[in-house]
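The structure under discussion appears below in the form of C-alpha coordinates.
Order of writing sets the chain letters: A, B, C and D. Residues in each chain are counted from 1.
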Amino acid sequence: MQEESRLERRLDRAVDRATTPRGAAVVIAGVSTVMTVAAGLLMTVVDHEHFPSIGSGLWWAVQTTPTVGYGDHVPTTVAGRLIASLVMLLGIGFLTVITAAITSTFVARSRREVAAAATVEQFRQIDERLERIEAALTNSS
Amino acid sequence: MQEESRLERRLDRAVDRATTPRGAAVVIAGVSTVMTVAAGLLMTVVDHEHFPSIGSGLWWAVQTTPTVGYGDHVPTTVAGRLIASLVMLLGIGFLTVITAAITSTFVARSRREVAAAATVEQFRQIDERLERIEAALTNSS
Amino acid sequence: MQEESRLERRLDRAVDRATTPRGAAVVIAGVSTVMTVAAGLLMTVVDHEHFPSIGSGLWWAVQTTPTVGYGDHVPTTVAGRLIASLVMLLGIGFLTVITAAITSTFVARSRREVAAAATVEQFRQIDERLERIEAALTNSS
Amino acid sequence: MQEESRLERRLDRAVDRATTPRGAAVVIAGVSTVMTVAAGLLMTVVDHEHFPSIGSGLWWAVQTTPTVGYGDHVPTTVAGRLIASLVMLLGIGFLTVITAAITSTFVARSRREVAAAATVEQFRQIDERLERIEAALTNSS
(Lines give C-alpha, C1' and ligand atoms only; values in the text may rest on other atoms or scores of the structure.)
Protein backbone atom coordinates (compact mmCIF):
# COMPACT_ATOMS: atom_id res chain seq x y z
CA MET A 1 0.00 0.00 0.00
CA GLN A 2 2.77 2.37 0.99
CA GLU A 3 4.77 1.00 -1.94
CA GLU A 4 1.86 1.78 -4.25
CA SER A 5 1.55 5.40 -3.14
CA ARG A 6 5.31 5.88 -3.51
CA LEU A 7 5.00 4.58 -7.07
CA GLU A 8 2.12 6.97 -7.70
CA ARG A 9 4.08 9.93 -6.41
CA ARG A 10 7.00 8.92 -8.62
CA LEU A 11 4.76 8.74 -11.69
CA ASP A 12 3.24 12.12 -10.84
CA ARG A 13 6.67 13.69 -10.62
CA ALA A 14 7.65 11.91 -13.87
CA VAL A 15 4.69 13.51 -15.67
CA ASP A 16 5.51 16.93 -14.19
CA ARG A 17 9.14 16.79 -15.26
CA ALA A 18 8.55 15.15 -18.64
CA THR A 19 6.38 18.12 -19.63
CA THR A 20 9.08 20.62 -18.63
CA PRO A 21 11.13 20.66 -21.89
CA ARG A 22 8.04 21.00 -24.08
CA GLY A 23 6.65 23.67 -21.74
CA ALA A 24 10.02 25.44 -21.75
CA ALA A 25 9.99 25.54 -25.57
CA VAL A 26 6.51 27.11 -25.67
CA VAL A 27 7.37 29.66 -22.95
CA ILE A 28 10.66 30.57 -24.68
CA ALA A 29 8.93 30.95 -28.07
CA GLY A 30 6.52 33.42 -26.43
CA VAL A 31 9.25 35.28 -24.53
CA SER A 32 11.47 35.59 -27.62
CA THR A 33 8.56 36.99 -29.68
CA VAL A 34 7.83 39.61 -27.00
CA MET A 35 11.57 40.40 -26.69
CA THR A 36 11.96 40.78 -30.46
CA VAL A 37 9.04 43.20 -30.74
CA ALA A 38 10.09 45.17 -27.62
CA ALA A 39 13.73 45.44 -28.81
CA GLY A 40 12.60 46.59 -32.25
CA LEU A 41 10.39 49.35 -30.76
CA LEU A 42 13.06 50.38 -28.23
CA MET A 43 15.62 50.68 -31.04
CA THR A 44 13.58 53.39 -32.76
CA VAL A 45 13.87 55.42 -29.53
CA VAL A 46 17.57 54.97 -28.61
CA ASP A 47 18.93 55.16 -32.20
CA HIS A 48 16.32 57.14 -34.11
CA GLU A 49 18.81 58.13 -36.79
CA HIS A 50 19.31 54.54 -38.08
CA PHE A 51 15.84 53.28 -37.11
CA PRO A 52 13.53 56.09 -38.25
CA SER A 53 10.34 53.95 -38.36
CA ILE A 54 8.72 51.20 -36.33
CA GLY A 55 8.98 49.04 -39.45
CA SER A 56 12.78 49.43 -39.62
CA GLY A 57 13.11 48.63 -35.89
CA LEU A 58 10.97 45.49 -36.14
CA TRP A 59 12.75 44.43 -39.34
CA TRP A 60 16.13 44.72 -37.62
CA ALA A 61 14.89 42.76 -34.58
CA VAL A 62 13.32 40.00 -36.69
CA GLN A 63 16.59 39.32 -38.55
CA THR A 64 18.75 39.59 -35.42
CA THR A 65 17.01 37.08 -33.11
CA PRO A 66 17.58 34.12 -35.51
CA THR A 67 21.17 35.38 -36.16
CA VAL A 68 20.60 36.23 -39.85
CA GLY A 69 21.97 39.77 -39.52
CA TYR A 70 21.76 41.34 -42.99
CA GLY A 71 23.41 44.53 -41.77
CA ASP A 72 21.10 46.90 -43.70
CA HIS A 73 20.00 48.55 -40.43
CA VAL A 74 22.61 48.55 -37.67
CA PRO A 75 22.72 50.48 -34.36
CA THR A 76 25.62 52.89 -33.85
CA THR A 77 24.82 54.42 -30.45
CA VAL A 78 26.10 52.77 -27.27
CA ALA A 79 22.54 52.23 -25.96
CA GLY A 80 21.47 50.69 -29.27
CA ARG A 81 24.45 48.35 -29.36
CA LEU A 82 23.86 47.25 -25.75
CA ILE A 83 20.24 46.42 -26.60
CA ALA A 84 21.42 44.59 -29.73
CA SER A 85 24.00 42.64 -27.71
CA LEU A 86 21.28 41.54 -25.29
CA VAL A 87 18.99 40.52 -28.16
CA MET A 88 21.79 38.46 -29.77
CA LEU A 89 22.78 36.82 -26.48
CA LEU A 90 19.18 35.95 -25.57
CA GLY A 91 18.37 35.02 -29.18
CA ILE A 92 21.15 32.45 -29.37
CA GLY A 93 20.31 31.22 -25.86
CA PHE A 94 16.65 30.77 -26.82
CA LEU A 95 17.60 28.83 -29.96
CA THR A 96 19.85 26.61 -27.89
CA VAL A 97 17.21 25.80 -25.29
CA ILE A 98 14.44 25.27 -27.88
CA THR A 99 16.70 22.88 -29.82
CA ALA A 100 17.48 21.05 -26.58
CA ALA A 101 13.78 20.85 -25.66
CA ILE A 102 12.69 19.46 -29.04
CA THR A 103 15.57 16.98 -29.01
CA SER A 104 14.77 15.71 -25.53
CA THR A 105 11.10 15.30 -26.51
CA PHE A 106 12.12 13.21 -29.55
CA VAL A 107 14.57 11.20 -27.44
CA ALA A 108 12.06 10.63 -24.63
CA ARG A 109 9.39 9.39 -27.04
CA SER A 110 11.61 6.86 -28.79
CA ARG A 111 13.26 5.90 -25.49
CA ARG A 112 10.02 4.80 -23.85
CA GLU A 113 9.38 2.36 -26.68
CA VAL A 114 12.94 1.08 -27.15
CA ALA A 115 13.45 0.58 -23.41
CA ALA A 116 10.23 -1.44 -23.20
CA ALA A 117 11.07 -3.55 -26.27
CA ALA A 118 14.68 -4.20 -25.15
CA THR A 119 13.91 -5.53 -21.69
CA VAL A 120 10.46 -7.02 -22.27
CA GLU A 121 11.93 -10.14 -23.87
CA GLN A 122 14.36 -10.69 -20.98
CA PHE A 123 11.60 -10.15 -18.42
CA ARG A 124 9.48 -12.68 -20.30
CA GLN A 125 12.20 -15.34 -20.11
CA ILE A 126 12.66 -14.83 -16.36
CA ASP A 127 8.91 -14.81 -15.87
CA GLU A 128 8.54 -18.12 -17.76
CA ARG A 129 11.15 -19.75 -15.56
CA LEU A 130 9.41 -18.43 -12.44
CA GLU A 131 6.12 -19.84 -13.72
CA ARG A 132 7.71 -23.29 -14.10
CA ILE A 133 9.16 -23.02 -10.57
CA GLU A 134 5.76 -21.99 -9.16
CA ALA A 135 4.03 -24.85 -10.94
CA ALA A 136 6.62 -27.38 -9.70
CA LEU A 137 6.30 -25.99 -6.18
CA THR A 138 2.49 -26.18 -6.19
CA ASN A 139 2.64 -29.79 -7.41
CA SER A 140 5.21 -30.84 -4.82
CA SER A 141 3.38 -29.28 -1.85
CA MET B 1 -1.88 -15.01 -25.73
CA GLN B 2 -3.47 -11.63 -24.97
CA GLU B 3 -0.17 -10.63 -23.38
CA GLU B 4 1.62 -11.59 -26.61
CA SER B 5 -0.65 -9.49 -28.83
CA ARG B 6 -0.26 -6.51 -26.48
CA LEU B 7 3.51 -6.90 -26.80
CA GLU B 8 3.20 -7.07 -30.58
CA ARG B 9 1.09 -3.94 -30.70
CA ARG B 10 3.65 -2.19 -28.51
CA LEU B 11 6.50 -3.21 -30.79
CA ASP B 12 4.53 -2.04 -33.83
CA ARG B 13 3.96 1.34 -32.27
CA ALA B 14 7.65 1.44 -31.27
CA VAL B 15 8.69 0.95 -34.88
CA ASP B 16 6.18 3.58 -36.04
CA ARG B 17 7.40 6.17 -33.58
CA ALA B 18 11.10 5.34 -33.87
CA THR B 19 10.93 6.20 -37.56
CA THR B 20 9.23 9.55 -36.85
CA PRO B 21 12.34 11.71 -36.19
CA ARG B 22 14.15 10.43 -39.29
CA GLY B 23 11.00 10.82 -41.36
CA ALA B 24 10.49 14.30 -39.92
CA ALA B 25 14.03 15.28 -41.00
CA VAL B 26 13.45 14.10 -44.57
CA VAL B 27 10.05 15.81 -44.80
CA ILE B 28 11.44 19.05 -43.35
CA ALA B 29 14.40 19.01 -45.74
CA GLY B 30 11.93 18.73 -48.64
CA VAL B 31 9.57 21.40 -47.25
CA SER B 32 12.41 23.86 -46.59
CA THR B 33 13.75 23.42 -50.14
CA VAL B 34 10.29 24.12 -51.59
CA MET B 35 9.82 27.09 -49.21
CA THR B 36 13.23 28.53 -50.13
CA VAL B 37 12.53 28.38 -53.88
CA ALA B 38 8.95 29.68 -53.46
CA ALA B 39 10.06 32.59 -51.24
CA GLY B 40 12.84 33.51 -53.68
CA LEU B 41 10.39 33.60 -56.61
CA LEU B 42 7.74 35.49 -54.60
CA MET B 43 10.33 38.09 -53.60
CA THR B 44 10.91 39.06 -57.24
CA VAL B 45 7.18 39.90 -57.41
CA VAL B 46 6.60 41.81 -54.14
CA ASP B 47 9.91 43.75 -54.19
CA HIS B 48 10.90 43.85 -57.83
CA GLU B 49 13.14 46.88 -57.28
CA HIS B 50 15.64 45.00 -55.05
CA PHE B 51 15.07 41.57 -56.60
CA PRO B 52 15.05 42.31 -60.35
CA SER B 53 15.80 38.72 -61.47
CA ILE B 54 14.86 35.18 -60.47
CA GLY B 55 18.56 34.60 -59.75
CA SER B 56 18.68 37.44 -57.21
CA GLY B 57 15.51 36.18 -55.50
CA LEU B 58 16.80 32.60 -55.22
CA TRP B 59 20.24 33.83 -54.10
CA TRP B 60 18.62 35.86 -51.30
CA ALA B 61 16.45 32.90 -50.24
CA VAL B 62 19.36 30.44 -50.26
CA GLN B 63 21.44 32.58 -47.90
CA THR B 64 18.48 33.44 -45.63
CA THR B 65 17.17 29.94 -44.77
CA PRO B 66 20.49 28.82 -43.17
CA THR B 67 20.77 32.27 -41.43
CA VAL B 68 23.89 33.37 -43.34
CA GLY B 69 22.35 36.71 -44.41
CA TYR B 70 25.03 38.53 -46.44
CA GLY B 71 22.79 41.57 -46.84
CA ASP B 72 23.67 42.21 -50.51
CA HIS B 73 19.99 41.82 -51.49
CA VAL B 74 17.52 42.88 -48.80
CA PRO B 75 13.74 43.48 -49.05
CA THR B 76 12.50 46.99 -48.22
CA THR B 77 8.74 46.69 -48.87
CA VAL B 78 6.40 45.59 -46.08
CA ALA B 79 5.27 42.52 -48.06
CA GLY B 80 8.88 41.56 -48.78
CA ARG B 81 9.88 41.90 -45.14
CA LEU B 82 6.90 39.84 -43.98
CA ILE B 83 7.88 37.05 -46.39
CA ALA B 84 11.48 37.32 -45.21
CA SER B 85 10.37 37.17 -41.56
CA LEU B 86 8.42 34.00 -42.28
CA VAL B 87 11.40 32.45 -44.12
CA MET B 88 13.72 33.26 -41.20
CA LEU B 89 11.26 31.96 -38.60
CA LEU B 90 10.62 28.73 -40.52
CA GLY B 91 14.31 28.41 -41.48
CA ILE B 92 15.47 28.50 -37.88
CA GLY B 93 12.62 26.21 -36.86
CA PHE B 94 13.56 23.70 -39.56
CA LEU B 95 17.21 23.73 -38.47
CA THR B 96 16.15 23.15 -34.89
CA VAL B 97 13.92 20.17 -35.69
CA ILE B 98 16.44 18.60 -38.11
CA THR B 99 19.18 18.90 -35.47
CA ALA B 100 16.84 17.32 -32.93
CA ALA B 101 15.92 14.50 -35.32
CA ILE B 102 19.53 13.62 -36.17
CA THR B 103 20.49 13.78 -32.50
CA SER B 104 17.66 11.49 -31.41
CA THR B 105 18.61 9.00 -34.16
CA PHE B 106 22.21 8.96 -32.89
CA VAL B 107 21.05 8.65 -29.29
CA ALA B 108 18.55 5.88 -30.08
CA ARG B 109 21.18 3.81 -31.91
CA SER B 110 23.77 3.93 -29.12
CA ARG B 111 21.04 3.55 -26.48
CA ARG B 112 19.80 0.22 -27.78
CA GLU B 113 23.30 -1.25 -27.43
CA VAL B 114 24.24 0.32 -24.11
CA ALA B 115 20.89 -0.57 -22.50
CA ALA B 116 21.28 -4.18 -23.56
CA ALA B 117 24.92 -4.40 -22.39
CA ALA B 118 24.18 -2.71 -19.04
CA THR B 119 21.34 -4.95 -17.90
CA VAL B 120 22.25 -8.22 -19.66
CA GLU B 121 24.86 -9.06 -17.02
CA GLN B 122 22.42 -8.45 -14.16
CA PHE B 123 19.72 -10.51 -15.87
CA ARG B 124 22.25 -13.32 -16.33
CA GLN B 125 23.06 -13.38 -12.62
CA ILE B 126 19.39 -13.54 -11.63
CA ASP B 127 18.77 -16.19 -14.26
CA GLU B 128 21.65 -18.34 -12.94
CA ARG B 129 20.23 -18.20 -9.44
CA LEU B 130 16.78 -19.14 -10.75
CA GLU B 131 18.34 -22.06 -12.61
CA ARG B 132 19.91 -23.35 -9.38
CA ILE B 133 16.55 -22.95 -7.59
CA GLU B 134 14.74 -24.82 -10.36
CA ALA B 135 17.30 -27.63 -10.28
CA ALA B 136 17.08 -27.93 -6.49
CA LEU B 137 13.29 -27.93 -6.69
CA THR B 138 13.20 -30.63 -9.36
CA ASN B 139 15.57 -32.80 -7.31
CA SER B 140 13.58 -32.39 -4.08
CA SER B 141 10.18 -33.19 -5.63
CA MET C 1 29.31 -5.38 1.94
CA GLN C 2 31.86 -5.26 -0.84
CA GLU C 3 28.93 -5.16 -3.27
CA GLU C 4 27.55 -2.15 -1.39
CA SER C 5 30.78 -0.18 -1.57
CA ARG C 6 31.08 -0.95 -5.29
CA LEU C 7 27.56 0.41 -5.75
CA GLU C 8 28.47 3.52 -3.76
CA ARG C 9 31.57 4.13 -5.85
CA ARG C 10 29.46 3.74 -8.98
CA LEU C 11 26.91 6.26 -7.74
CA ASP C 12 29.72 8.69 -6.82
CA ARG C 13 31.15 8.44 -10.30
CA ALA C 14 27.62 8.82 -11.75
CA VAL C 15 27.16 12.11 -9.87
CA ASP C 16 30.62 13.32 -10.98
CA ARG C 17 29.96 12.59 -14.64
CA ALA C 18 26.32 13.71 -14.67
CA THR C 19 27.45 17.19 -13.60
CA THR C 20 30.02 17.39 -16.42
CA PRO C 21 27.73 18.68 -19.21
CA ARG C 22 26.21 21.36 -16.98
CA GLY C 23 29.67 22.32 -15.71
CA ALA C 24 30.97 22.37 -19.29
CA ALA C 25 28.18 24.78 -20.28
CA VAL C 26 29.02 27.19 -17.46
CA VAL C 27 32.78 27.02 -18.17
CA ILE C 28 32.20 27.55 -21.92
CA ALA C 29 29.86 30.51 -21.29
CA GLY C 30 32.65 32.10 -19.22
CA VAL C 31 35.40 31.29 -21.72
CA SER C 32 33.38 32.59 -24.68
CA THR C 33 32.66 35.88 -22.86
CA VAL C 34 36.38 36.35 -22.12
CA MET C 35 37.28 35.38 -25.72
CA THR C 36 34.72 37.81 -27.17
CA VAL C 37 36.04 40.75 -25.11
CA ALA C 38 39.70 39.85 -25.76
CA ALA C 39 39.13 39.46 -29.53
CA GLY C 40 37.29 42.79 -29.67
CA LEU C 41 40.13 44.61 -27.90
CA LEU C 42 42.81 42.83 -29.98
CA MET C 43 41.02 43.84 -33.18
CA THR C 44 41.44 47.55 -32.39
CA VAL C 45 45.21 46.89 -32.32
CA VAL C 46 45.73 44.70 -35.42
CA ASP C 47 43.25 46.55 -37.67
CA HIS C 48 43.03 50.05 -36.22
CA GLU C 49 41.76 51.48 -39.50
CA HIS C 50 38.45 49.56 -39.41
CA PHE C 51 38.21 49.33 -35.60
CA PRO C 52 39.16 52.82 -34.45
CA SER C 53 37.54 52.54 -30.98
CA ILE C 54 37.15 49.92 -28.24
CA GLY C 55 33.41 50.20 -28.77
CA SER C 56 33.69 49.23 -32.47
CA GLY C 57 35.93 46.27 -31.59
CA LEU C 58 33.59 44.96 -28.91
CA TRP C 59 30.55 45.56 -31.14
CA TRP C 60 32.16 43.49 -33.90
CA ALA C 61 33.07 40.69 -31.48
CA VAL C 62 29.61 40.59 -29.88
CA GLN C 63 27.88 40.09 -33.25
CA THR C 64 30.48 37.58 -34.51
CA THR C 65 30.44 35.02 -31.66
CA PRO C 66 26.71 34.20 -32.09
CA THR C 67 27.19 34.22 -35.94
CA VAL C 68 24.98 37.26 -36.56
CA GLY C 69 27.64 39.08 -38.64
CA TYR C 70 26.08 42.39 -39.74
CA GLY C 71 29.17 43.27 -41.74
CA ASP C 72 29.24 46.97 -40.68
CA HIS C 73 32.73 46.52 -39.20
CA VAL C 74 34.87 43.89 -40.91
CA PRO C 75 38.63 43.19 -40.62
CA THR C 76 40.70 43.55 -43.79
CA THR C 77 44.24 42.83 -42.53
CA VAL C 78 45.57 39.26 -42.48
CA ALA C 79 46.06 39.36 -38.69
CA GLY C 80 42.53 40.70 -38.18
CA ARG C 81 41.03 38.02 -40.40
CA LEU C 82 42.95 35.25 -38.63
CA ILE C 83 41.64 36.47 -35.27
CA ALA C 84 38.13 36.67 -36.74
CA SER C 85 38.45 33.14 -38.14
CA LEU C 86 39.42 31.86 -34.70
CA VAL C 87 36.51 33.72 -33.05
CA MET C 88 34.05 32.25 -35.59
CA LEU C 89 35.45 28.73 -35.24
CA LEU C 90 35.42 28.84 -31.43
CA GLY C 91 32.07 30.69 -31.38
CA ILE C 92 30.34 27.99 -33.41
CA GLY C 93 32.10 25.28 -31.38
CA PHE C 94 30.95 26.86 -28.12
CA LEU C 95 27.35 27.07 -29.35
CA THR C 96 27.50 23.43 -30.36
CA VAL C 97 28.81 22.21 -27.00
CA ILE C 98 26.42 24.41 -24.98
CA THR C 99 23.46 23.10 -27.00
CA ALA C 100 24.69 19.56 -26.43
CA ALA C 101 25.13 20.18 -22.69
CA ILE C 102 21.64 21.66 -22.21
CA THR C 103 20.11 18.86 -24.28
CA SER C 104 21.84 16.11 -22.32
CA THR C 105 20.71 17.74 -19.04
CA PHE C 106 17.09 17.76 -20.29
CA VAL C 107 17.40 14.17 -21.53
CA ALA C 108 19.02 12.94 -18.31
CA ARG C 109 16.29 14.48 -16.15
CA SER C 110 13.38 12.98 -18.08
CA ARG C 111 15.27 9.67 -18.54
CA ARG C 112 15.61 9.01 -14.83
CA GLU C 113 11.84 9.27 -14.40
CA VAL C 114 10.79 7.43 -17.55
CA ALA C 115 13.25 4.59 -16.94
CA ALA C 116 11.91 4.13 -13.41
CA ALA C 117 8.26 4.27 -14.50
CA ALA C 118 8.79 1.89 -17.44
CA THR C 119 10.42 -0.97 -15.54
CA VAL C 120 8.84 -0.49 -12.11
CA GLU C 121 5.61 -2.18 -13.24
CA GLN C 122 7.49 -5.19 -14.65
CA PHE C 123 9.61 -5.51 -11.51
CA ARG C 124 6.42 -5.40 -9.45
CA GLN C 125 4.90 -8.32 -11.38
CA ILE C 126 8.03 -10.46 -10.97
CA ASP C 127 8.23 -9.51 -7.30
CA GLU C 128 4.59 -10.53 -6.73
CA ARG C 129 5.24 -13.93 -8.28
CA LEU C 130 8.34 -14.38 -6.12
CA GLU C 131 6.30 -13.45 -3.05
CA ARG C 132 3.76 -16.18 -3.87
CA ILE C 133 6.64 -18.68 -4.39
CA GLU C 134 8.24 -17.70 -1.07
CA ALA C 135 4.93 -18.03 0.74
CA ALA C 136 4.23 -21.46 -0.82
CA LEU C 137 7.76 -22.56 0.03
CA THR C 138 7.48 -21.45 3.68
CA ASN C 139 4.13 -23.25 4.01
CA SER C 140 5.42 -26.49 2.45
CA SER C 141 8.57 -26.67 4.60
CA MET D 1 28.85 -20.83 -23.93
CA GLN D 2 26.88 -19.86 -27.01
CA GLU D 3 25.06 -17.31 -24.86
CA GLU D 4 28.44 -15.88 -23.80
CA SER D 5 29.69 -15.46 -27.35
CA ARG D 6 26.42 -13.79 -28.37
CA LEU D 7 26.89 -11.35 -25.49
CA GLU D 8 30.46 -10.73 -26.60
CA ARG D 9 29.41 -10.06 -30.16
CA ARG D 10 26.75 -7.68 -28.88
CA LEU D 11 29.30 -5.79 -26.80
CA ASP D 12 31.67 -5.60 -29.77
CA ARG D 13 28.95 -4.14 -31.93
CA ALA D 14 28.03 -1.75 -29.08
CA VAL D 15 31.60 -0.43 -28.99
CA ASP D 16 31.66 -0.11 -32.78
CA ARG D 17 28.43 1.84 -32.93
CA ALA D 18 29.04 3.92 -29.81
CA THR D 19 32.18 5.34 -31.41
CA THR D 20 30.32 6.27 -34.61
CA PRO D 21 28.99 9.71 -33.51
CA ARG D 22 32.39 10.78 -32.16
CA GLY D 23 34.12 9.46 -35.28
CA ALA D 24 31.50 11.21 -37.45
CA ALA D 25 32.24 14.53 -35.70
CA VAL D 26 36.01 14.19 -36.34
CA VAL D 27 35.50 13.18 -39.98
CA ILE D 28 33.03 16.02 -40.55
CA ALA D 29 35.37 18.58 -38.95
CA GLY D 30 38.08 17.44 -41.40
CA VAL D 31 35.76 17.41 -44.42
CA SER D 32 34.33 20.87 -43.64
CA THR D 33 37.86 22.31 -43.30
CA VAL D 34 38.86 20.87 -46.69
CA MET D 35 35.56 22.08 -48.24
CA THR D 36 36.00 25.58 -46.82
CA VAL D 37 39.53 25.92 -48.23
CA ALA D 38 38.56 24.38 -51.60
CA ALA D 39 35.47 26.62 -51.95
CA GLY D 40 37.52 29.71 -51.10
CA LEU D 41 40.14 28.86 -53.74
CA LEU D 42 37.50 27.94 -56.34
CA MET D 43 35.73 31.25 -55.76
CA THR D 44 38.80 33.22 -56.88
CA VAL D 45 38.54 31.36 -60.20
CA VAL D 46 34.79 31.52 -60.95
CA ASP D 47 34.23 35.11 -59.68
CA HIS D 48 37.63 36.75 -59.96
CA GLU D 49 36.10 40.22 -60.00
CA HIS D 50 34.78 40.00 -56.40
CA PHE D 51 37.45 37.61 -55.13
CA PRO D 52 40.67 39.03 -56.58
CA SER D 53 43.01 37.28 -54.10
CA ILE D 54 43.32 33.90 -52.38
CA GLY D 55 42.99 35.79 -49.10
CA SER D 56 39.60 37.23 -50.05
CA GLY D 57 38.35 33.81 -51.20
CA LEU D 58 39.42 32.09 -47.98
CA TRP D 59 38.05 34.95 -45.87
CA TRP D 60 34.66 34.62 -47.60
CA ALA D 61 34.64 30.83 -47.11
CA VAL D 62 35.65 31.03 -43.44
CA GLN D 63 32.74 33.35 -42.59
CA THR D 64 30.23 31.43 -44.72
CA THR D 65 30.65 27.88 -43.33
CA PRO D 66 29.65 28.91 -39.76
CA THR D 67 26.79 31.08 -41.21
CA VAL D 68 28.29 34.41 -40.06
CA GLY D 69 28.03 36.02 -43.52
CA TYR D 70 29.36 39.58 -43.18
CA GLY D 71 28.58 40.33 -46.81
CA ASP D 72 31.79 42.27 -47.49
CA HIS D 73 32.72 39.80 -50.26
CA VAL D 74 29.76 38.22 -52.06
CA PRO D 75 29.66 36.21 -55.31
CA THR D 76 27.59 37.65 -58.16
CA THR D 77 28.18 35.11 -60.95
CA VAL D 78 25.90 32.09 -61.31
CA ALA D 79 28.81 29.66 -60.79
CA GLY D 80 29.96 31.56 -57.70
CA ARG D 81 26.47 31.57 -56.20
CA LEU D 82 26.02 27.85 -56.88
CA ILE D 83 29.29 27.11 -55.05
CA ALA D 84 28.22 29.41 -52.23
CA SER D 85 24.83 27.67 -51.99
CA LEU D 86 26.58 24.32 -51.70
CA VAL D 87 28.95 25.66 -49.01
CA MET D 88 26.00 27.05 -47.01
CA LEU D 89 23.96 23.86 -47.37
CA LEU D 90 26.88 21.62 -46.37
CA GLY D 91 28.02 24.10 -43.68
CA ILE D 92 24.65 24.04 -41.93
CA GLY D 93 24.43 20.27 -42.38
CA PHE D 94 27.88 19.78 -40.84
CA LEU D 95 26.97 21.98 -37.86
CA THR D 96 23.80 19.98 -37.37
CA VAL D 97 25.54 16.60 -37.41
CA ILE D 98 28.44 17.77 -35.19
CA THR D 99 25.95 19.15 -32.65
CA ALA D 100 24.06 15.84 -32.77
CA ALA D 101 27.28 13.84 -32.34
CA ILE D 102 28.50 15.84 -29.32
CA THR D 103 25.04 15.68 -27.75
CA SER D 104 24.74 11.92 -28.19
CA THR D 105 28.22 11.46 -26.67
CA PHE D 106 27.18 13.51 -23.62
CA VAL D 107 23.87 11.64 -23.36
CA ALA D 108 25.52 8.22 -23.73
CA ARG D 109 28.05 8.94 -20.97
CA SER D 110 25.47 10.08 -18.40
CA ARG D 111 23.03 7.35 -19.51
CA ARG D 112 25.36 4.47 -18.72
CA GLU D 113 25.66 5.70 -15.12
CA VAL D 114 22.04 6.66 -14.55
CA ALA D 115 20.70 3.43 -16.05
CA ALA D 116 22.95 1.38 -13.77
CA ALA D 117 22.04 3.40 -10.65
CA ALA D 118 18.28 3.34 -11.40
CA THR D 119 17.85 -0.43 -11.77
CA VAL D 120 20.66 -1.72 -9.51
CA GLU D 121 18.56 -1.12 -6.37
CA GLN D 122 15.56 -2.99 -7.82
CA PHE D 123 17.75 -5.88 -8.96
CA ARG D 124 19.23 -6.05 -5.46
CA GLN D 125 15.79 -6.36 -3.86
CA ILE D 126 14.76 -9.18 -6.21
CA ASP D 127 18.11 -10.87 -5.68
CA GLU D 128 17.70 -10.72 -1.90
CA ARG D 129 14.30 -12.38 -2.13
CA LEU D 130 15.72 -15.07 -4.42
CA GLU D 131 18.52 -15.67 -1.92
CA ARG D 132 15.98 -16.24 0.86
CA ILE D 133 14.04 -18.62 -1.40
CA GLU D 134 17.18 -20.55 -2.29
CA ALA D 135 18.17 -20.79 1.36
CA ALA D 136 14.68 -22.00 2.37
CA LEU D 137 14.70 -24.50 -0.48
CA THR D 138 18.13 -25.89 0.45
CA ASN D 139 17.04 -26.27 4.08
CA SER D 140 13.79 -28.02 3.19
CA SER D 141 15.37 -30.53 0.82
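Details
The rule is simple: a residue touches a chain if its C-beta (ideal position, glycine included) is under 8 Å from a C-beta of that chain, and two chains touch if they have at least 3 such contacts.
Bear in mind that the values here come from a model prediction, so they are computed numbers and not experimental data.
Of the pairs listed in A-D, B-D or B-C, the one whose interface repeats that of C-D, with over half of its contact pairs matching by residue number, is B-D. Counting the residue numbers used at the interface between chain A and chain C, under half appear in both copies, so the two copies meet with largely different residues.
One rotation lays the C-alpha atoms of chain A on chain B, and its angle is 90 degrees to the nearest 5.
Of all chains, the one whose Cα centroid sits at the greatest distance from that of chain D is A.
One finds 14 Å separating the Cα centroids of chain A and chain C.
Distance between chain centres (mean CA atoms), chain A to chain D: 21 Å. Across the assembly, chain D contributes 67-71, 99, 103, 107, 111, 115-116, 119-120, 126, 130, 133, 137, 140 as residues in contact with two or more other chains. Across the complex, chain A is touched by residues 7, 10-11, 13-14, 17-18, 20-21, 64, 67-71, 74, 78, 81, 84-85, 88-89, 91-92, 96-97, 99-101, 103-104, 107-108, 111-112, 115-116, 119-120, 123, 126-127, 130-131, 133-134, 137-138, 140-141 of chain B.
The residues of chain C lying in touch with chain A in their complex are 55, 59, 62-63, 66-72, 95, 98-99, 102-103, 105-107, 109-111, 113-120, 122, 124-126, 129-130, 132-133, 136-137, 139-140. On the side of chain C, the complex with chain B involves touching residues 67, 69-71, 99, 103, 107.
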